[in-house]
């Protein structure tokens, strides 16, 4: 039987629920525009990490890969928090984006025939 | 048995795989800094949608909720594309962020005792 | 005598004043976090323009140079609006950034001696 | 006429030139997408500063005002660096944004008559 420590692959739905639990435990949701500012703060930290690896400042790549993972996780966390607060089903949102991408690749195929 | 149309709840791992499929079908991954620029483009569109609802410009909320969902899905898609390209396990990255949030709420509890 | 159409080079101070005039004429300042969201919206549009030129999607470069200029001007406008609202002297803020950059280049020079 | 800082008010054109000097002294321009990533990094730091003042986390406002100014100056610096690299006249770009804002306020006036 799956437990919370992650022996079963995490579904997006379950991830939204777990994010909700931690946010309620910390006193509740921030206003949407404050959460958005936090999203940009986290994205900015990912930008910094990627710039150190793929931009001009070269740093040890092992150390940076760890940071990029941490920043990416933080973005995912804030994004799911925003989804919860806006009552958005993140799985449905992603399914919509995947469907758009599928349509684009079908168009690209037809275009190159 | 689950199929690709999503009758089973989508796991983050499966989502990364589906994003990968659509990207390969469109000719492969962009360089990381180009993907990052795309992430910011999508985040900017979410900012626009939220600003119309929670900022100054008030618009019909039903129409906007749809847009916020679409933008959030696009961000999720680009984020998982970045994760794939950087060989980051998005589930592990999120688990790390959740663990940090748990620690913060435990500290908050102790602080208020 | 200089007029508003720009026969004299525009100072940053005068630019802040002109931004203020247009904002008051449109009903006043947005709350800071709404202005920040607008800053990210505009930065996202610049990201889109640059990605079309320097990322994967190649487009006619003349057309895009125009767009990059327009997006950059929009960012500058929102940034000066934020500065006004936060009572920040943008010239002093930039002078501080320039001083930091000078110090870094002096350190780089000493480091390579 | 000199202002309180003992120098002439800085024009945007001169600011672009001073940014150029510091960048050449540090080894030259980064590629545009790396500069864009840096722009987002700096914007993320401003988001953090504003969130501490106007979002949920309240911090001493004096201390934060200083930080917001520093982050705003850093954004301005990177923005002018991008302008230089893309051969964009930032003054012309801002003039274009100001002209758009003037048109919007004229339309708003007519609309409310």
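Labels for the chains are A, B, C and D, by order of writing; each one numbers its residues from 1.
In this section, contacts are C-beta pairs under 8 Å (C-beta built on N, C-alpha and C of every residue); 3 or more make two chains touch, one makes a residue touch a chain.
All values reported here derive from a predicted model rather than from experimental measurement.
Peer 1: Is the C-beta contact count larger for A-D or for A-C?
Peer 2: Taking the two pairs in turn, the one with more contacts turns out to be A-D.
Peer 1: Indicate the whole-number Å distance between the mean C-alpha point of chain A and the mean C-alpha point of chain C.
Peer 2: That pair's centroid distance is 28 Å.
Peer 1: Give me the residues of chain D that touch two or more other chains.
Peer 2: Counting only residues that touch two or more other chains, chain D contributes 31, 33-34, 36-37, 40, 43, 47, 50-51, 54-55.
Peer 1: Tell me the shape of the graph of touching chains, choosing from line, ring, star, complete and other.
Peer 2: Per interface graph, the chains form a complete graph.
Peer 1: For chain C, which residues count as touching chain B in their complex?
Peer 2: For this pair, the touching residues of chain C are 30-31, 33-34, 37-38, 40-45, 47-48, 50-51, 54-56.
Peer 1: Using the touch definition up top, name the residues of chain C that touch chain D in the complex.
Peer 2: Residues 6, 9-15, 18-19, 22-23, 25-27, 31-33, 36, 39-40, 43, 46-47, 50-51, 53-55, 65, 68-70, 72-77, 79-80, 82-83, 86-98, 100-102, 104-105, 108-109 of chain C touch chain D in their complex.
Peer 1: Where on chain C does chain A make contact in their complex?
Peer 2: 31, 33-34, 36-37, 40
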